[in-house]
Every structure is written in structure tokens, then in C-alpha cells.
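Chain IDs A, B, C, D and E follow the sequence of writing; residue 1 opens each chain.
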């Protein structure tokens, strides 16, 4: 979701520099992947997780050569602002004081998938699973925490700021969590591959990177 | 079908039916007031009733969450005094389905009530029937066609409701997961064959509802 | 019964219904041309329409009093209403329609039992049918039965027999008369048929354009219509209560007021009768003694009033009982009639139509 | 007009409507008790109900022929229908209702112009009103006007004047008669009123329980009802066409068949009349010469038939014209009446009611 | 409001109105067939019509995507022969809104047609009106109350439609973004104040629609 804001800002700058007009289609990665798979016209796919990109790549719908990972993100545990809970490690989530833990859908939504992977890696998933409330997306998870019906939630660091009624209680260390990356690539059926490549290139630039960083993303350096 | 799927089907069927039943009395009462009485602010209420129809379901869900969450006015009160939670329980599913299908029922019933000839109600009263008896024995049966259609539609809407439900009830397998939610998840992760199987079940439920309504209507016709 | 209507004011499309009426009679017939406001008046009494101002009292019970904001709701008025549009309940069977207003266990009078009502109105065969597939006359009978079975304290009947055939009418009217007499259930009876009014009503109210033009006992109104309009509406007979004193060879002697007349015997033998004499059948003659005529009834009469009505002149006479004659204007001029003078009225015996009362 | 109904078979709730009928007359009245199947028959002719089997032909046009699967849709039948339930369009004003079937520019006959129809039926004041707020009689007139304004080739009228007052009826009937005479628009006219039938119809069809009991010219049926049921339905008068040959002092001389009678002058002067004589008013006497009596009309008659009908005996006579008398059974026994014998029939002049034709 | 917001409001208003208008003739025709004719397979069609109501909107969206995508039967044909694309254009929005609000219109109109007294239609025919004229001048006006209500509801539903729209039309600012989608997005990024502003506009549009319908109905009452 934070991609929306940062991309909008980057595009405004970009459009001033070049003559190209950027048309966005914002949506859940899974939705976008489905749309591209069904032949919806698009030039660039900017996915929130690798799996969706892999899926399209396997179907031969994207230009492998242009695929790159520039952005990363961090998971955080959020709690309601008024909460006095102290969370120092993942195992604190098993605390009985936390009745419910809100996650984005752990099967379909990247944030949820990552959160589940993290907890599995910590071998806490079986203990936490009964408390998990899967919401449609990150916003749903935040809303659940806001309303205090969930004692805690796991979301992206970049999204934690969306709600003023939650605070970050714990930031998942990079080595504990799976690598969170945002791959982007040119769609094969693109009608203007050159312009697409140009914008992809710009997204990888220093200037764009600064914007992303300002929104809390981590810049990665693989390819 | 797996046991898990059966559970979802059962849960969806009964929670949809229950939500429809639950809104029936309020829906009919409001529809009657809209159809037969003039009162200040009527058209405001009319629009308010239609709101869950007009707003994107997430927005409705968010508002419900604001009201019924522990921080919300109603939710907070229930939690603090009765230790009773709505959000993320099956009650939240009920709430979401009810709110989302309420406008359909009200508007259908309203039109149905408006079509009832008031002369019949008047004459029923001269035969010694109280306002209440007239409503039950004249108005309601004569409006039955529209009310049954509205009820079926409300039920269908409940079967298909997704956006508001997931906001207030989450998608907790075995607890709040409905067919709609399960299908959504399947579609998202690309498990189309499973999605279509569940879709088939939804459609079957809808068929059953439509057939029941036609059976009711046909019996109504034959009775006299 | 005493029904009191005061200060009624109900604006209708072309006029305002304004009625002040007091009737202490068992059956009051309401006569009036189409659109006179008859149905509106019944609706008002039943509590189905709200007047601007109204005071309606039935016996000692105030039903409507706009001045004191009193309004007894329709279902507590105990009024049986057969509306002109019948308003049968289309979703119910005939039986269910009939039983709709039936209070269990209250049918203490045998005239009002389900079986009796159904039998008199000849609707036994229809009981299990849907009301939507009934014929016009069948619907009318079901509506009448439904109102009767509610055991009302007052019946409002709006042209209840309008689409029935003569034999059926002839059967239902005496039954209504029995209800009136034996169970003292008063009625307001809207009709366009003078024979129905004659058979059932004590009092008559003639309405035109929302106003009561004339009201009084049936005979008074039928015999002394207030004007030509009323006369046309109610017909042009004089009607007189009389007693048959002698019957001989199809002819009877009837005592009417101070006069004695000869008439044909009525179809049904009776002692107490109404004698109907059409104004056109009364012949006036200046010098009765000199003329030789086959007419049986010769009455010396005093001219009470002369009134021109269209092409005719209405001559009101006192012949021992009030009688009137309709004669042409030229005839009136020839005879040089003047009020207060005496004249001979000739009436052929068969021109006197006797109706048992 | 010639209307041919053959092999009609329509199952109704209690019986099957089975009609075979051929009428070449301008106006055919349909008489029958409530629930006889009159409305169903009109519906069938208008094409609104489908019979099991039916062959309906109007003049040389086959409208329905189930055997050959021919069915002219209702809107091409050119039939103006005033249904018993009126069926005014509630969402349209009176004017819009009236104009609904009005084909622009086809009103070539002045009797059928909008203004004329509206004036005769006295609905000028209602034109701009909503039909839902009309009185019963007003609705009936609007429905009649609507059917007339569609300039039909055949009129089906289902008790069109049932809820109108007498003066209004008296105005509309002559108007319908003019439509019949001047524009040769045939009618099927359902009514319970013998005077309406007499004024309008040439032919009469008496229906009971879905079967035609009797059909024929109005006078034949009224004068020789097939049985007691029909007699009760149509009333007990004999009706005879006659010519007035002399008028004197309110009395006229009427020639009926080979006989000449004296009667009271009709209210409206006319030469051609119907003379109505109630069977109860005909007195029979064995020895006419010896008796001194005031009766004007003494007719020597031959007894054609004797038929018991309830408490009365119906005596059919040939008195130069067919006449019948109703007398009590004891009277019949006393007089020792036998078929083929001669007898004197006495009829008082005023007992002969003349109706202009 | 910013120019961008105005654009969204306008787009939403007219695309909703257009979709409602577009389904009106088909909806009425189908409703009439359901109400007044008996034909084999009627109850199947009846259920099929209700389907978009029963299925979660994403599923409907997915099916539409399957059909109208470039790889779909219809979409492929259009793309290859006419070079005409539906998906991700305003036409896709129209399609999604139309499909989602169709059931409401049909079911309302159906009940309304069923309540019209067939006797009035019959008598109209004896007055020389063809079947078609009777439909236009008698059946339709008498069913107007239900049809207007159904139309308004279809319009409201179109205003609020989200799940199917985002599937087939995407959320492309300035091109396919409707109020519903914009509100969804605002909620996602936590811009609640903006979301509520747009929500206010939706509600206003709904109010206007409801008022229009009441105006129409009241005029209808006054006309005669």
C-alpha cells in the first residue's frame, strides 16, 4: 500500500523529466498477477512478493531480463497506542494477554505470507496460529489492532504509519525474517517496451531510491 | 468435499439464513413506516438505509469496526459491561451480512407494501380487526410476493457478501470463514478449481433458495 | 337506533359534503343521484375517511368529534360495512372472507349463524372457492354475508343488491327486513331502487351535491318531494299506509286516512298495506255529480297547493289523506284550478297498487 | 349484425358454459341469475378468455375457431367492452381513459364525438379528475364512455347502468337506442332490469347455469317464458306491440292484434307502443254478458293452455292476441277452466301500461 | 475538491447512470418474461440472473476477466477482429457495474410486473391497443413504482460496486477509478479524511438519486 504513495510521487517527478505518461493500476499483487495472466494490457508489473512474479515468469508472461529487485521491507509488530504490552521477541506473541493477532491473509497476501514464514522460522507458528485473524490485507490487520479487538498485529514497517492509533512494539530483525523484496519487470505483451524499460531504469535510480527510503523501504542491491 | 468444506458450507448457509431472519422484523417494520406513514426526515432515513449499498463494502466494514470494536461506542460498552465481543466472532459475520442485505429487504418490502390496496385494510378494520391484525392478515400476505422476493435477495446477498465481512470478522478458518471468503482466498492464490467447486456450492444454495421461494409463492396462490 | 351527524364538513372534488342529520329510525335509506356523496358519507360514519369537522354519535356513543379530537378507530365501532367496491380480500377463500369478522361464540342470534347467512344469500356452493374467480353478483353476496357475520350494531349498505337478479333480490330483502325487525340492527341503506327503500326503510334521506335536500319518513318524502329533482329521483307516486277492510272478487276496500277506496287485491294477502298511487293516474274533474264515469273511486278533495314542475303541474290535494295529481299545464288552465278550492279526484281501482307492509 | 356462437364449451367452477347461439338482431339482451355465466360469455366473445372449444363469427368474420386454431387477437376485434368490473386505468386521468381507445380522425358519426358522449353521460366535470377518486356511478359512466369512444363495431355491455339513479338511466337509455338505430352498432346487453331490456333489445337470451334456457324476440320471451324460473326472472307481464288509434281525455284506444282496447294515455305521446299487461291484472269471468261491471275492456278469449306455477295458475289465452292471466288455484277450480273453452277476460284500462317504442 | 476528485465523481456518476440505463431494456424484457410467461428452464434463468448477487464479487470479476480478457472467448475475438479492448478501460467498468446491478433491476421489475392487474391489460386490448402498446401504456406505468425503485437500487449498487470492477477494470486513476475504488485505496493508505470526503460525495449522489426517484413517483401520482 505504501508503494502507492511513493510511486505516485516518483511518477510526478518522472513525468516532468520525460515526455512519457505513467498510468498506474493499483491493486493487490495477487489481483494484478491474475489480471496479467488473463491478458490485461500492462507494461510493468511491480509485485509485492516474489511468488507472484515467479508465477508469471513460469507462464512466460514477463521479460526475464528486465526483472530486478530494488526494494525491501521489514516486518513489525504493532499494538494499540494505549497498550502497555512489551514485546521484546517473537515468543512474546504467545503471551496470553494477547488474545488475537491480526495478520494479512497468510495464503494470498504477501505481508501475511511473510509474517507466517517468520513465525514458522521461529517455530512459534503452531502456538500462534489459533490466535491468528486473517484479514483481507494490511489495512484490515491495522484496523483490527486499532479497534483493540486484536492485541497485536504483524505488518510492514512502511504500513505501520498508516494508522495513528497503533504503535510499533517490535521490529523484526532482518536475519529472523524471510527476505522481503519487491520485484519488478517488464510484461512481455507490452505495447511500448522501450518506454517501459526507461521507467524501470528510473525506478532503479538514486533519485527514486531516495523517495522509497523516505517512505521507509529498504533499498536492496540484487540486480 | 472435505470436512472442512462442509463446515464452511454449513456455516455460510445458516449464518446467511439467520442474518436474513434477524433483519426481517426490523426490515418489515421500517418498510411499513416508509410506505404508509409520513414523517419528518423520512427521505434521510431512506437514503441512510440505502447507504450500505452505495458505499464500497470495505468502507462499511470499517465503519462497523469503528462502532463495534472494543474502542467503539457499542463494542466498548458490550465488552466492558458484558464482556461480550462481536468483532472476529461469528456474531460479526451475522452483523456484516445483516447490514449489507438490510437495504434490499427494506426496499423490496416497501414497494410491496405500497402496492397493497389501502381500501382492503380499511374494510378489514370495519370487520373488527385491530391495526396489528390487519397488518398480519391483510397487508403482509398481500405484500408476500415482494417480501419473499426481497428476503430471497437478502439471503443471496448474504451468501455473496465479502468486503464488510472480512473487515469485521476476519477470515478465521472454522470460525468466521464463509464460502465467499474461502472463494476469495482461493481466487487470490490461484486455486481456481477449488474456487469453482465452492462457487458451485454457492450457486446450489442460491438455487435452493429460489426454489423455496417459488414453492412458497405457488402454495400461496393455491391456498384460497 | 339514534344516529346523530352534526357539523359534517368534508371537501370533495366539486362540492363540500355538509350534512346535519338526526335519525332515530331503524332503517334509513339514502337516495341521491350518482356522485351525490352517499359513499363518502358512509365512509365517514365507518371511520374510514377523516372529515374536516364532524360530530358523529351512535346511540349514546360519540364516534367522531373533531372539536374534542375524539375518534373511535374503525374496528371498535361495531359497524358492518358493505362498501360499493366490495373490497373482498383477494388472498383469502370465500370461507376465510366470511369468517374474517366473525367473533367466535358471539353469534347468539340464529339469523346470524354462518349456515343461515350462507343459505339465504345462496353462497353455499362458493364457500371453498377463491374470491377472485367469482361473478359480480356472487362477490356482492359474499361482501354482504361478510358484513352480517361480523354481528354489527349498525349496518352500512352501499347498493348491496345492485347487481342481483330480481328473484334473488326478492329473497334477500325480506331477510334484511327480518334482521331489522327481530334483531333491531339499524341500517343505512344506499339504493337507487324505490321498491327496496319502500320495503326496508322507515326514514329516507335525499342527498344532492353533498347536501341533504330532504329527509323524513319514507312516505312523507315519496309523497311530498321537496322539488322536481327529488320527485324525479324518488318517482312520482304517492304512498299511503292503509288497512284492507273488505276483500271481494279480487277487489278490496282500503281505508286510507279518512277516505275509503276500492282497489285490486294485492298479490299477497295482507291486512296492513301501502297504497301507491301515481300522480299521473289521478284525474281531476270540476263537476263530479254531473259526469257519468266508470271510475270506482271519486273523492272530494281540497286543493292545498299548485306547483309547476316542468311540463306538468303538481296538484297537492287533501282528500281525507294527502294525495297529489300530475296534470298537464293546459288541463290546469282549462279547469281553472285555484288553491283552497274544492275538486273531485277520480282514481281507477286498478291504479291503486297495494304493497303489503 | 349477425353473431354466431357454436360449440362453445368453457368449464367454469360449477358447470360448463355451453352455448350455441345465432342472433341477427341489433341488440340482444342477456338475462340470467347471478352466476349464470353471462360475464364469462362476453369475455369469450371479446377474446379475453380462451374456451376449450369455440366457434365465434361476427358478420362474415370468424373471430375464434378452436378447430382451425384461428384466434383474432382482442385488439383487432373492434369490440367495445364495458366489463362488469369496469377496469378503469388507475394511473390515467378521466380524459386519458376516455381517449385511450379513440382512433384519431375516425369519429365520423356525430353521436360518437368526444363532446357528445361526455355530455350525454354527464361526465364533463370529471374530465380532468383522477379515476381513482370517482364515485361508483361516475366510474361506470366513464367506462361506458371509453368503450363508445373506441368506435366499435359491436358493443358488449355488462350491466352498464347498474349503479345509476333513475333519471340518469332514463337519459342514457334513449341515447343507446339512438346509437343502435342510427349507427347500426349492435350490442350484447347484460342486465337484470326488464325495462332496460324492453327499451333496447330486439332479442333476448335467458341463461341459467351456463346453458341457454330460452332465446327469441323480447316479446316472445317476456310473454311466453319457457318455465316458471324464466318467468320469475323476466317478470310476469305480457307485452304486446300496438298502435294508438284514438286519444281522448287521457284515455287512448289501442289496437293490439285483432283486439281493440282502452287504456290510459302514456306519459309521452306516441303512436307505436308496447302494451304491458300484468297477468295478475287480468280477471277471468265465465258469463260476461250477465255481469254488470265497470271494467272497460272485455275480451272474449279461448283458453290455449293451463299451467300450474307455484301457488298460481298461468292461463294462456288467445284474445285476438296472445294474453295470459295469473289466477289462484282455488279461482281456477271455481271457474272450472278447461283448455279449448271460451271465457271473458276483463282488463281495467289503467292496468294496461303503455311504453312508447 | 481537487480537479482529480471532480473527475472521479463525474466518471462514477455517469458510468453508473450509463450502466443502469444500458441494462434497463434487457432487465425489463427479462423481468416481463419471468413475470408473465411460462417457459421451460425459467427457474434456471431465474437463478442465473441472481448469481452475480450470490457470488463474491471477485469471483464474478474473475469470470468476466476470463470471458473478456484477450485470452477469453469474447475478449479475444474483439481484440483480434476489431482491435477493441474491454479490460482496463471504462468499458470494463460499465460491464462490471452492469452485471452486478442487473439482478436487482430484474427482480424488482419482475415483482412489479406481477402485481399489475391483468384485467386492465385485457381491457386495454379490447380498446384496440396492440400487445406492445399495452405494455408501454398500461403495464409499464402501473409497474413504475417497482421499476423506479429497482432502477435506483441498481444505480446505488453501481455506485458502491468494488470487487468486480477492480478485477476487470483495474484501479487506474483518471481512467477507470471510480469513487468506490478511490475510497478503497484511500482506506488502504490510511488517508481516512480523504476517504470520508469521497464517501460524503457517494452518499450525496445516492441522496440525489433517491430524491429524483421520489420526485418522479410524486409527479406520477399528481399527473392524472
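Basically, a residue touches a chain if its C-beta (ideal position, glycine included) is under 8 Å from a C-beta of that chain, and two chains touch if they have at least 3 such contacts.
Model, not experiment: these values are computed from the prediction.
Note on connectivity: the fewest steps through touching chains from chain C to chain E is 2. The chains in contact with chain A as well as with chain B are E. Taking the CA centroid of chain D as reference, the farthest chain centroid is that of A. Centres computed as Cα averages put chain B at a distance of 60 Å from chain D. A separation of 91 Å divides the Cα centre of chain A from that of chain D. One inter-chain figure worth recording: chain B and chain C are separated by 57 Å, centre to centre, where each centre is the mean of the chain's CA atoms.
Along chain B, residues 58, 62, 163, 184, 187-188 each make contact with two or more other chains.
In chain D, the residues that touch at least two other chains are 85, 129. Counting partner chains per residue, chain A has residues 31, 34, 139 touching two or more of them. Here the chains touching each other pair up as A-B, A-E, B-C, B-E, C-D, D-E.
Per the touch definition, chain E reaches chain B in the complex via residues 43, 46-47, 50-59, 62, 103-104, 107-108, 110-112, 114-115, 145-146, 149, 152-153, 156-157, 159-160, 162-163, 180-181, 183-184, 187, 195, 199, 202-203, 205-207, 210-211, 214. Taken in their complex, chain E has these residues touching chain A: 58, 62, 65-66, 69-72, 75-76, 85, 87-88, 166-167, 170-175, 185, 187-190.
Taken in their complex, chain A has these residues touching chain B: 28, 30-31, 33-34, 55, 80, 100, 102, 105, 107-109, 132-136, 139-140, 143-144, 146-150, 165. The touching residues of chain C, counted against chain D in their complex, run 13-14, 31-36, 38-40, 84-85, 125-126, 129, 133-138, 140-141, 158-159, 162-168, 192, 232-233, 235, 250, 264, 267, 280-281, 283, 294-296, 348-351.
Listing the residues of chain B that touch chain C in their complex gives 117, 119-120, 122-131, 134, 137-138, 141-142, 144, 220, 223-224.
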